[in-house]
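The first chain written gets the first letter, and so on, giving A, B, C, D, E, F, G and H; residue counts start at 1 in each chain.
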Amino acid sequence: MANHLHAHSIADLDEVQLDLGRRERCGFPEVIYGEGKTKETILKIFCSLKDHGLDGFATRVDAEKGQFLEQELQRLGYSFQYNPVARTFRLVSFSEPPTVLRGKVAVISAGTSDAPIAEEARETALWTGAEVTLIQDVGVAGPHRLQAKLPEFQDADAIVVVAGMEGALPSVVGGFVACPVIAVPTSIGYGASFGGLAALLGMLNSCASNVTVVNIDAGFKAGYVAGLIAKRRTKNEK
Amino acid sequence: MANHLHAHSIADLDEVQLDLGRRERCGFPEVIYGEGKTKETILKIFCSLKDHGLDGFATRVDAEKGQFLEQELQRLGYSFQYNPVARTFRLVSFSEPPTVLRGKVAVISAGTSDAPIAEEARETALWTGAEVTLIQDVGVAGPHRLQAKLPEFQDADAIVVVAGMEGALPSVVGGFVACPVIAVPTSIGYGASFGGLAALLGMLNSCASNVTVVNIDAGFKAGYVAGLIAKRRTKNEK
Amino acid sequence: MANHLHAHSIADLDEVQLDLGRRERCGFPEVIYGEGKTKETILKIFCSLKDHGLDGFATRVDAEKGQFLEQELQRLGYSFQYNPVARTFRLVSFSEPPTVLRGKVAVISAGTSDAPIAEEARETALWTGAEVTLIQDVGVAGPHRLQAKLPEFQDADAIVVVAGMEGALPSVVGGFVACPVIAVPTSIGYGASFGGLAALLGMLNSCASNVTVVNIDAGFKAGYVAGLIAKRRTKNEK
Amino acid sequence: MANHLHAHSIADLDEVQLDLGRRERCGFPEVIYGEGKTKETILKIFCSLKDHGLDGFATRVDAEKGQFLEQELQRLGYSFQYNPVARTFRLVSFSEPPTVLRGKVAVISAGTSDAPIAEEARETALWTGAEVTLIQDVGVAGPHRLQAKLPEFQDADAIVVVAGMEGALPSVVGGFVACPVIAVPTSIGYGASFGGLAALLGMLNSCASNVTVVNIDAGFKAGYVAGLIAKRRTKNEK
Amino acid sequence: MANHLHAHSIADLDEVQLDLGRRERCGFPEVIYGEGKTKETILKIFCSLKDHGLDGFATRVDAEKGQFLEQELQRLGYSFQYNPVARTFRLVSFSEPPTVLRGKVAVISAGTSDAPIAEEARETALWTGAEVTLIQDVGVAGPHRLQAKLPEFQDADAIVVVAGMEGALPSVVGGFVACPVIAVPTSIGYGASFGGLAALLGMLNSCASNVTVVNIDAGFKAGYVAGLIAKRRTKNEK
Amino acid sequence: MANHLHAHSIADLDEVQLDLGRRERCGFPEVIYGEGKTKETILKIFCSLKDHGLDGFATRVDAEKGQFLEQELQRLGYSFQYNPVARTFRLVSFSEPPTVLRGKVAVISAGTSDAPIAEEARETALWTGAEVTLIQDVGVAGPHRLQAKLPEFQDADAIVVVAGMEGALPSVVGGFVACPVIAVPTSIGYGASFGGLAALLGMLNSCASNVTVVNIDAGFKAGYVAGLIAKRRTKNEK
Amino acid sequence: MANHLHAHSIADLDEVQLDLGRRERCGFPEVIYGEGKTKETILKIFCSLKDHGLDGFATRVDAEKGQFLEQELQRLGYSFQYNPVARTFRLVSFSEPPTVLRGKVAVISAGTSDAPIAEEARETALWTGAEVTLIQDVGVAGPHRLQAKLPEFQDADAIVVVAGMEGALPSVVGGFVACPVIAVPTSIGYGASFGGLAALLGMLNSCASNVTVVNIDAGFKAGYVAGLIAKRRTKNEK
Amino acid sequence: MANHLHAHSIADLDEVQLDLGRRERCGFPEVIYGEGKTKETILKIFCSLKDHGLDGFATRVDAEKGQFLEQELQRLGYSFQYNPVARTFRLVSFSEPPTVLRGKVAVISAGTSDAPIAEEARETALWTGAEVTLIQDVGVAGPHRLQAKLPEFQDADAIVVVAGMEGALPSVVGGFVACPVIAVPTSIGYGASFGGLAALLGMLNSCASNVTVVNIDAGFKAGYVAGLIAKRRTKNEK
């Protein structure tokens, strides 16, 4: 207990109290939630993390902030991956040799419009070190589409299912697999979708036993937990 | 217009203003909603309808009222069908010859606990003159169960799908058939099912184009509309 | 069952998995939901459908996408109908001889502001092959307006009723007719209309037995199901 | 202003601070809300009012309290009217000669199950001195029933409309008359009626300009305001 | 009954079915709800009403439509009153001699920000022929402000109380007067005001017996009903 | 920091991990929430606290548990105060001499039915050592009642205002005083009070600056915080 | 795909369509949800599973059904574990040798009243074959209690956190560990807890990245997913 | 009572009825809520207050109004503090000698994005005369960050805790201190945060006894009440 409570595990960046002990306690460094932060603050955190030997990851980085970060990080000579659909920024380290056995995450989306959230989940899982498969537009109204893709996701360690509207896809996926399904309701829909509430409630009431749920549009959190589960395999099998 | 507005199409039974023009205007006699009515009132309506040549139908008849009605209607020599699971009372007329070609209604339920609502839908559709198939416990978590039953419902004129919890079944059924699907959310579930709200919202947001929705636990209304659609075939094909 | 599950009934258009078996299974080709899709994607789907002999239909196509599609489809020599109020695009085939007996759909709206949703329902029903009558601005506060129009909708196979605010019109229409009424709540209103919630709840609780409901502003779905019911007559009576 | 702020207009009955200035300020004595009060407290208030020359009125008096009050008030020699359906207790004064010209209130209910609330409204309006007409079971699904009763309510000074489920009746009534309509949503219904919420929202969004609304099941408040409006006529015409 | 059901009481203006029988049935001509109508449509209705001898009234007329109507109605030589804060347009007739005894309406608002809704109520009541007093910014946190104004509203026939946030003012006003109080919740507030829901619920639960409620921001409806009540006095006292 | 984190400040009572450091950290010992605990568990906690020199306090103790505790605590020779209306149990210590200067708390309730919650607040504040004044039934519909009591609460250190229905009383009280007002919404009411939600929202939106809010029916929490504020005076003035 | 779609993987027990392929597809046999099923039906399913070599598990088995099942399963000579607090029935197989390396699940609850849900999670995880640690009553108001227990849960493969009221515990636990946290909101609380909604929303909005959520009171689902994750370790490390 | 009810304690500024007795009754002058007021009105109130010897305070002053006020107040020679993050304007008086013993308020925020609300609380508390400490970005996911700051807030007279998302921080802070905690939910978050509703409900259900709550984003109200509590110390200790 003593280890993660001493004061020096915090980097005091004025408006930010950066938690440097996060990787030791929780497995991964603190992630940067880009919304409501200035681009300068985001850059400062990336740099502070790098100074402590940590490859940062930022979500909800809009186009304008993204452009700024691209220039600055390039100038600093950092390797990174910017995904404008996912609105994520991922620092990539090449110092460690690639793991031979990596955990597998599948990200499945119900419709074309769910892409930003599905991409956010994919980027996050990649950052955690997982191998990621993305399967899109296989919603329940055309049931054979999902079944045709079964071989691509049946051996995953964890599956992220992204769906708006009635959010029925996680229940159907859950009925085919033996790994945890992390359901992400999206705000895609109109009228009585109430900004994703319908999908959220549907997923919480899923009749499939292996489905847990995250917040509406929380692609990040789903990708993170999927990565956490997949990492376990990596660790165990090494 | 004149026809259905004259005063004599109403039977004044004191606390009830019985709409005798309903069959002429809407295809079927006024249905008796048993909740909040005394057993004596229900009996009085059944008799008044019979006096005008109409076979009545009552829903939400609890056990105590049911027993009373059974005795009284038997005493009066009426043929009837009492379904205690559905909580319905259906007068049966044998004066008309059976239709050769009857419309077909399928009633499909997600789980065993949805039985009362599924039965209410079935009884109502039977009262409208339809041929009815009942398929139970084929929820989406075991997807092959529904597909195994496909031949039993694929040629229906209208399908009633009854489901609680996340209410995903109508979307899946809708993807397999070319007839209207009438979705009935049930109050089965707990926690964030919020008394059927989750299923209701899910069904309203169904990605299947052929799904319309009725009130939570409204097996009656679904069976009624399904019967109305099926009747159309009967009429047309005669 | 075998037929509609083989892989070749899917057209893989990268971001879209087009369900080509939809007409066989469900009666009509897959409909294009324009919101959240680029104009190029919409065009691609129209073309892919056409290549498979199917006349596509797109909803929620805004002005900018509409203009693009108009130019491109014209250039490709396709016959189509663009309705900017309904925001729909409908491909029109002249290869098939017109059906002698077509089913009839009536679309009734409560107020002038409901026009976009009423038009969407009308366009959809036309695409399904139905004959469509549109009756506007006959809300319940002026009750004689509806009764004056009774002859125009009394013989319909299915009626779509579009209303915002308190959503009382479907109940009133339902009391006059013997066909299914599909109620569409609209987001027209303010304050405690809560974006159409008041109308939605009102319609779900309708005391008329023949009323089913679709999502708020879902003119498309109502027109689709009405068309499905009307088509049945066509088929039967041919 | 001075008059109604001096301390002696309050009767201190320990747990109750009885507002004796209410009739002077508001037109009628303070009404006793029976729920959550003991039968002894209710009796004490009735007596204190009587001592100050006021005929009290109590609502939400259940059967057990009602029986007690009947005995006690009889023993005290008070004239009263107990209505067990309405759950109201009304003291009746015979000292004043009946007004020649009394205001007229109509109470209209949609269904048989709305009786307790309709009766509460009727009793309250009677207590305010109005002449009251009660019209029951004329919901919108049988539209000719309401029109048949038009002569009975068209000359009212104020109309109370009581309805559960979708609560559409006030809008329809409002379209026929030139007096204020006070709409009372009831908790009658099931599923998405959400304890009267659907009716409440419907009534608040009424397209009829002359409709105002009170709380769910608040028959008392509607009857009170209707009485207040009707009383105005009495006063003016005297 | 016959009178108000004949077809010729409707003016068919294409997209609008103008209810010409409204004044006969309901006391005032049909009011024009400006939102969602084009300026040309609004003008057309004003003219059609004028052709039938009726002085129209329009609400929710934004600045751009207002400017257009001002020009056109001036060009046509009509007398009118345009209130840009209230967003209303009121045609004024000088043909009738002013009534000697007019009913009195008081409009009371809680805060400065409630002005648009208070003004809408005032304009509407003026249109109905009432004498109107406007009292602003007398919310409950400074209780002596209201009491200082008591003489200005104590003899009103009806009082409109406009308040956002917690909506407590109608209850307090209700405790001082013997006429109906029509409470208008406004969408003024933030956070848990939820767009006026807090004020709406507060007013529905008012402990004052003489308070009825209209929709959030429905200054029009409150002014209309207040005018209806005040008109009664005029009629009676003439 | 060190002091309150060492393990020995916890008493391990099997199903309960009693926090013995609470008084040191938070000013008062841990309070026993009686709901969901067996009477034996409650007794065990009282005794364990007593063993550590602490006089316990329990809320939500129903009649059956209360009777048991009365017997047992009496048998153990403890001095205590059981308030069956408040459903509280308060151990009373006579070892400490009474403070000369005690902080003052006023508890004000809107109606007779709010008594249990008002009593719970009073008992809690008494337990914290405050002097408490209770003023009941002074709701806003009779405004002079509150003003008549002004001298009794104007010098309080903190005021607890308990109200159901529209919850307007705290705003009105807040406008008269210069100390914090802690508002307690109660579940008293019906219909659109939605179990206290209306009062809660009203209080959160109070236009009085000195009003903070606690959970519905949380008389305990309001009394506790009021006591905390009053205690400060005691401490300061000693 | 072929394997899990053939018809013979269903046991047709009349009202139940038992999914025998569940273990093959999803890792564990179908679980029996006891609510809404008769005791006879539950027994029938247990036996049918046993006949197919599967040890069943039932949740939401109330006392009366529990007693019946205890007798019958004993009579049949089955080994089982009945937990009346958790309301679960778990068949125990002794045919397989115990796994040397079992995955570890920690179940942590905030308060004493959360015991039934925590026990349900524990029983479920045990059924999946995991080693389970239960830590109770360590809610956030006494922060040192949780930290004192850190060594007991820090090496878990998955942690189930059960909390009602504000549901803050999962966020705090999540900040200490590197494994997935499955948060279970409970319906413990009152007032604005709205039956667990407050806890549910809190958990969905957790600022800890490793927290996913299940339905209110869904101890079963959390235990199941935790078991699924823990099982992975078992498999991998064997 | 007499003192604060005479009419001359109101300054009639046309659209504003300025309550000049507020400081006498409530301890501080009336605060200017900038939203919905024109910049000219705000200036007029500042000046009117100054004329009566009062230093005003305005909240919700946006950039454009702020710039105007800066110029005008500078021109008038007033000393003031404009905080553009907090959006507040505070007049500063130098006529009174500084209090030797000032009460202490701590403002603690969970995340960087909560800054505007935390700053509003800080400015308000400063205006009330308190000494204020601001501690930012110490949310519960990094628990040691809060504990490291404990010495900075442990001796405060009142603590304002500002948090969005799940709003867990007040409960945790509450467990460490012996003074009142005023919790401010913020609208920071997305999806199921529902504009701050999740944080609001979480805080209302806090298991810490010393937590009261204000409206979403109501930094002002929290700072005001904290100042009121802190002022008490000042007064007492002088």
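Brief remarks follow.
What we mean here is this: contacts are C-beta pairs under 8 Å (C-beta built on N, C-alpha and C of every residue); 3 or more make two chains touch, one makes a residue touch a chain.
Predicted model, so just to flag it, every value in this text is computed and none were measured.
With steps allowed only between chains in touch, the distance from chain A over to chain E comes to 2. Common neighbours of chain B and chain F, listed by label, are D, G.
When the contact pairs of B-C are set against those of G-H, F-H or B-G, over half line up by residue number only for F-H.
When the CA atoms of chain D are superposed on chain G, the rotation angle comes to 180 degrees, reported as a multiple of 5. Separating the CA-averaged centres of chain C and chain E is a span of 37 Å. Chain C and chain D have Cα centroids separated by 46 Å. Chain D and chain E have Cα centroids separated by 26 Å.
Residues of chain A in contact with two or more other chains: 4, 111, 141-142, 147, 174-176, 191-193, 197, 200, 204-205, 208-209, 215-216. Under the contact rule defined at the top, the touching pairs of chains are A-B, A-C, A-G, A-H, B-C, B-D, B-G, C-D, C-E, D-E, D-F, E-F, E-H, F-G, F-H, G-H.
Across the complex, chain D meets chain E through its residues 1, 4, 25-28, 31, 147, 150-151, 157, 174-180, 182, 200, 204-205, 209-216, 220-222, 224-225, 228-229, 232-233, 236-237.
Residue ranges of chain F in contact with chain D, taken from their complex: 111-113, 115, 136-138, 141-142, 144-145, 147-148, 188, 190-193. Across the interface of their complex, chain A is touched by residues 4-7, 9-10, 15-17, 19, 21-22, 30, 35-37, 41, 185, 187, 195-197, 200, 215-218 of chain C. Against chain E, in their complex, chain F makes its touches with residues 110-111, 139-143, 165-168, 171-172, 174-176, 189, 191-194, 197-199, 201-209.
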